[in-house]
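The same subunit A turns up in both complexes below, where it pairs with subunit B and then with subunit C.
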Partner chain A sequence: MLVTWKYRPRNTFIQRLDPRTRLIFLFSVIFALTIPEIWDFRIILPLFAVSLTLYLMARIEWKDVRRAWLFIIVFVVFIVGINGVLSGRGGPSSVTNIESPILFYVPLLRELGWKVPITVSKVWFALNQIVRMLTMAILAIPIPYTMDPNIYGTAFKRMGASDNFSFTMDLAFRFLPTFARDFTITVDAQRARGYEMEALKGGLAERIRRLAPLIIPVVMQSTVTGEEVIDAMDLRAFGTNKRTWIKQLHYAPRDYFILGLGAAIFIACCVLKWGFGIGGFFVPDFFTNWLVG
Partner chain B sequence: MSTSPLVVENLSFKYRTRPELAIEDISFELKQGELLLIAGSSGCGKTTLARCINGLIPRSYRGARKGRVLLNGREVADLKIAEMAQEVGTLLQDPERQIVASNVFNEIAFGPENLGLPREEIVARVERAMRRLNIEYLRERETFNLSGGEKQKAALAGVLTMNPSILLLDEPLASLDPASAHEALAVFRSLADEGKTIILVEHRVEDALAAKPDRLLYMEDGRIQYLGPIRDLPPEIDYTQVKLPAQWVVKRVRAEKKPAEPPTSPKVKKERGEPLVVFEDVDFRYGDEYPLILQNVNLTIYRGDLIAVLGPNGAGKSTLVKHAIGLLKPTRGRVLVGGQDTRKMSVAQIARSLGYVFQSPTHMLYASTVQEELEFGPRNLGFKADDIAASVKESIATVNLKGFEEYPPLGLSFGQQKRTTIAAVLAMRSKILVMDEPTAGQDFANYTRFMEALCKSSNGSQSILSANFESTVFITHDLDLAVTYANRVLLFGDKHIVAEGKPEDVLKDIDVLLKYRVRPTSLLHLNLELLPQTGGFLPAESLAGFAL
Partner chain C sequence: MNDKSTWEFGTRQVVYGAIGAALYGVFSWATNIFPLPAAGNVTFRPAVAVLIFFGAAYGPWVGLLAGLIGNTLGDALSGWGFYWNWSLGNGLMGMVAGLAMAAINDFRARGDIVKAVGWGIAGIVVGMLFASLTEMFVGGIDFNTALFGYFTPAFLGNTVVTVILLPILMIAFAAVASRRGR
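For the complex of A and B:
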């Protein structure tokens, strides 16, 4: 059986929105930033402000999302930020190509004498990339906590997906917390056998091998859960007819407002980039001046 | 002419992967509104028979089937899945396996939604099913937050909305506490009285009798050994294979003129050993904003104790024992293991003196061989190679898994997996053994064998438990385990210990037991009746030697 996220009904504007509206708006922002490849802080910052406003309007308690935030911040800052600074990859080629004052070198693999130059451009790019990722992430973080798990499937169905796909999404949403629950039980069970995660020593291969006592039981458990769900669905005639989805969804004026806003953001980004050439990566003078004086 | 809801004729089935027949030459017929109890130990063929009836055979399980299964006159193999689901509603052993939706209303509506019925019709059916089972109050609840009994009612309501003429209930009591099981049985009876044909597959015959089955079908080795009314104990039924009322067992032992089983070694030690684990004024909650789960718990576990922890689901039994291993630390008060505060010890340090066996083996088994699995604990604790080898060898012999050293643990039967988990703890040479629901998921014959292997001493030698552990604690729903094996009982309810002491003292207060959802069994009643003669609780076979 699958468990659900820490969803709780709240009387907020965000939770009164149709789930489709929220998914479509999320994708509008993601596509607006990625399809026309927007890297201009003058566009990213206002979008970040919109996302942040919507996030705050969801009024989620900090204790609920603490872990999610920790994960997102570690992911965005370390993976994206450091990757951006060190290699400049993941962004437009101008990041690594343009002449930019070098701030300092990071010695990597000292024996080979390989030093990575950190330029003003790379630092600005990393900052932009972090804000850009957060703009998308903070729209997604509240969804599991503020969207009724009962309407995941219906939302996809009403957006035109097939019965199978919609129910798959419904189950997939709930799979992660189930996985987390099984993982906690297994960690406890192995700790009771003297296993200490802190004591993971040795090289990468050895460390992975040492993780087997946690990973194997959880994977086995997930496989069994998957098979159980399939049997249970078969016994109740899933997939034999065209399905009736009992929950109904209706757009309200507020939904049209948010959908309109999403469409406007997407169109504006496309027009700015392709029509006026605004939105590409550049390092503003104030930043260069501030760093190199 | 009215047709029977179910006709099974000369049915045999052999799984493609196995050489022998799983069931052989089964024939019977059910009338509308009849409640049939199918009993037998694992491997007797009852699950295969159930799969032939609900159509999973031949659809999902391949093999050679002979004979016929007719549902309202139509052959099962010829029905479409959607038709099948409306003829036979199956309630699986564990309601958790059956529930697919995240709230109760959606769960109940799931089947009719799949049939593509009009929305109004679905709502009407869901409402009817909820009213029928009195669970309207659960409508908007999340399914994973329900209690075991509530989950089962939600699952049953989901089956009822398909309007099946036959209900197939596959060990529906397995995951319920005794009081919820009793309520479920009353519901099954009333559904039969309303005209549903019900097949109840259950090895706990004693409990199932509460549903007043019209007939009993008893199976062994894939064949029907007995099919007929349940009045007394029909001689075809082996009392060691299924759980029967204690009086029946006593009668049978006497009739067979077997020597009454001598009582197992004196369970109650005269004086107490030194304290091993001490709970001092323990409170626990998960965080400031959460309610208390343990409140003012005081408990000392002494050397020589064999403690059964009883109490309703969700009362905090598992939380209590997790404090002993240090997985949880008290919010207030302290827990001492071997005289040391658990707050100052790591779980690994505590594991040297206290071994904890989790309920489900699949949550901990991971290695590619049993040998490797058992080496895991001692190696974590830093045993020397020689000691590891000796310890593993000894524990394999102890739980009777010799010859299985090179088998993958996950490929073993459930009972063997369970024994592997005990051996894994044995190999760590912990002094105290803690088991969460040691018999869960096993049938009567298997768990009796398992508990006897652990607790019973033979020919003057000590039992596995007393030879290897200074003390044992097990959580259980099965009152008879406490009656038969424990020398101390702890009744847990309302966040604290409600009653504690020798089984004879704690379990005589029937009102308190009922208040905390522990249902007295026939074995308890019989033992209480004979207590002046026996001086202590005994298993049913041993009671045969005393005058009733």
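For the complex of A and C:
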């Protein structure tokens, strides 16, 4: 059992970007879709294409992201999508308010005769919702694979976070392999004493309680380590003055391009929705015709 | 054990925030490797008890940082991505749990353990409710999905783990702290 970062250096455009650029762009797209409440497929689809392009440019191997994708697809399609088809709620009220042809009924409580009508607008809403969520998710997925763990603290500092917050982040990334190693050693030591990790017996409470021999030693050792680190930092006068950071970040022209793109997406969505009334939910005729005929 | 200055944010909070975050990340990752059996979409994450313990032992700032950064680390290790509202929700969970610090005098005392568990559950409610409800704006889900699809499973799983593991962590911490003398 080995804790390894998902990050690997790859010579790609995405990895050459400043980490701040990528985080700001991610938030630009999230805010562009959520603040003006964009539900128009004519805006969502191009944004999805931009996100997908950036995702593919990251050149992450499928075997690395297979599990993450499985989780997201199951979640988005089965929990969010099916709920959208059944209820039509979560987005704009127009999904359930507009007149829309009923495709079929889903009997939920057969005894009570409760049947949920599945309308064209609910189906279109569910599709829009899935694509909208995927647009944001596929920008988020590549971050652990393509952003150097050692740069998170510096990136947040340069984005305006305090020294204390940024240093906590930096320190956490440095502590992580140590604690992961401690955890591995603890697991091995307990196994040597006959602890059967793969066959935890008893009820649920008992199973959780029996995790204590794995967790307690690592946590308690870490509290002791903490005191030593505090002493070391106090001796170096941490917190008395502004800190300087070893790693430096500099924006390149490509960063300005992506930042400009992010700003343009956000502004365009706001102007379209609030200035021209474009971006709200509607069911296109071609979809209704295709389903109803 | 702690100096009771609940909202102080100095070297101690930076270091224990980082340690809590790293542990939360490691244990979250480990849960993915050795998943506990669960019903429906309820998952049990022992890491949550560690987060709430760090809040209770070192205060709200440590809880906030451990949850916020720890969840980011756990997601990064597992390869899920970066979901700001869930990271912030986890941070709030640790922060509210950290409000127990001022009320705890003896980590072995039954009354203080009950207080810590109570604040921990309050933290779980606040944190998971925040993360679930923000999904309504971020993901466009409806209130029922947020409440029953997201919040309820997270609340149940986290509460069970906290009620069982937090007292054990507190008693063990009392022993270590008394040996260390500070």
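By our rule, the second predicted complex is superposed on the first by the 210 of 293 C-alpha atoms of A that agree within 3 Å, B and C clash if a C-alpha of one lies under 4 Å from a C-alpha of the other, contacts with A are read in each partner's own complex, and residues count from 1 in each chain.
We adopt the following convention: contacts are C-beta pairs under 8 Å (C-beta built on N, C-alpha and C of every residue); 3 or more make two chains touch, one makes a residue touch a chain.
Keep in mind the model is a prediction, meaning the values are calculated, not measured.
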{"item": "First, second, both or neither for A:Lys63, with subunit B first and subunit C second", "value": "first"}
{"item": "Subunit B versus subunit C as contact partner of A:Pro149, first or second or both or neither", "value": "both"}
{"item": "Which of subunit B and subunit C A:Phe179 touches, first, second, both or neither", "value": "second"}
{"item": "Which of subunit B and subunit C A:Asp188 touches, first, second, both or neither", "value": "first"}
{"item": "A:Ser87 touches, of subunit B and subunit C: first, second, both or neither?", "value": "second"}
{"item": "Residues of subunit A touched, compared between subunit B and subunit C (which is higher)", "value": "C"}
{"item": "First (subunit B), second (subunit C), both or neither touched by A:Met233", "value": "both"}
{"item": "First (subunit B), second (subunit C), both or neither touched by A:Thr244", "value": "first"}
{"item": "Common interface positions of subunit A, toward subunit B and toward subunit C", "value": "1, 3, 149, 170-171, 174, 212, 215-216, 220, 224, 229, 233-234, 238-239"}
{"item": "Of all residues in subunit A, those that touch subunit C in their complex", "value": "1, 3, 5-6, 23, 26-27, 30, 34, 39, 64-65, 67-68, 71, 79-80, 83, 87, 89-91, 129, 132-133, 136-137, 140-145, 149, 152, 164-165, 167-176, 178-180, 183, 197-198, 200, 204-205, 207-209, 211-212, 215-216, 218-220, 222-227, 229-230, 233-234, 238-239"}
{"item": "Subunit A contact footprint on subunit B (complex, rising order)", "value": "54, 56, 59-60, 80-82, 84-86, 90, 92, 96-103, 105-106, 109-119, 122-123, 142-144, 158-159, 162, 287, 289, 322, 325, 327, 346-348, 351-352, 355-356, 358, 360, 362-367, 376-377, 380-381, 410, 424-425, 428"}
{"item": "Subunit A to subunit B touching residues, read off their complex", "value": "1-4, 7, 63, 149-150, 170-171, 174, 182, 185-186, 188-196, 212-213, 215-217, 220-221, 224, 228-229, 231-248"}
{"item": "Of all residues in subunit C, those that touch subunit A in their complex", "value": "9-19, 21-23, 25-27, 29-30, 33-34, 36-37, 41, 44, 46, 49-50, 53, 57, 65, 69-70, 72-73, 75-84, 136-145, 149, 160-161, 164-165, 168-169, 172-173, 176-177, 180, 182"}
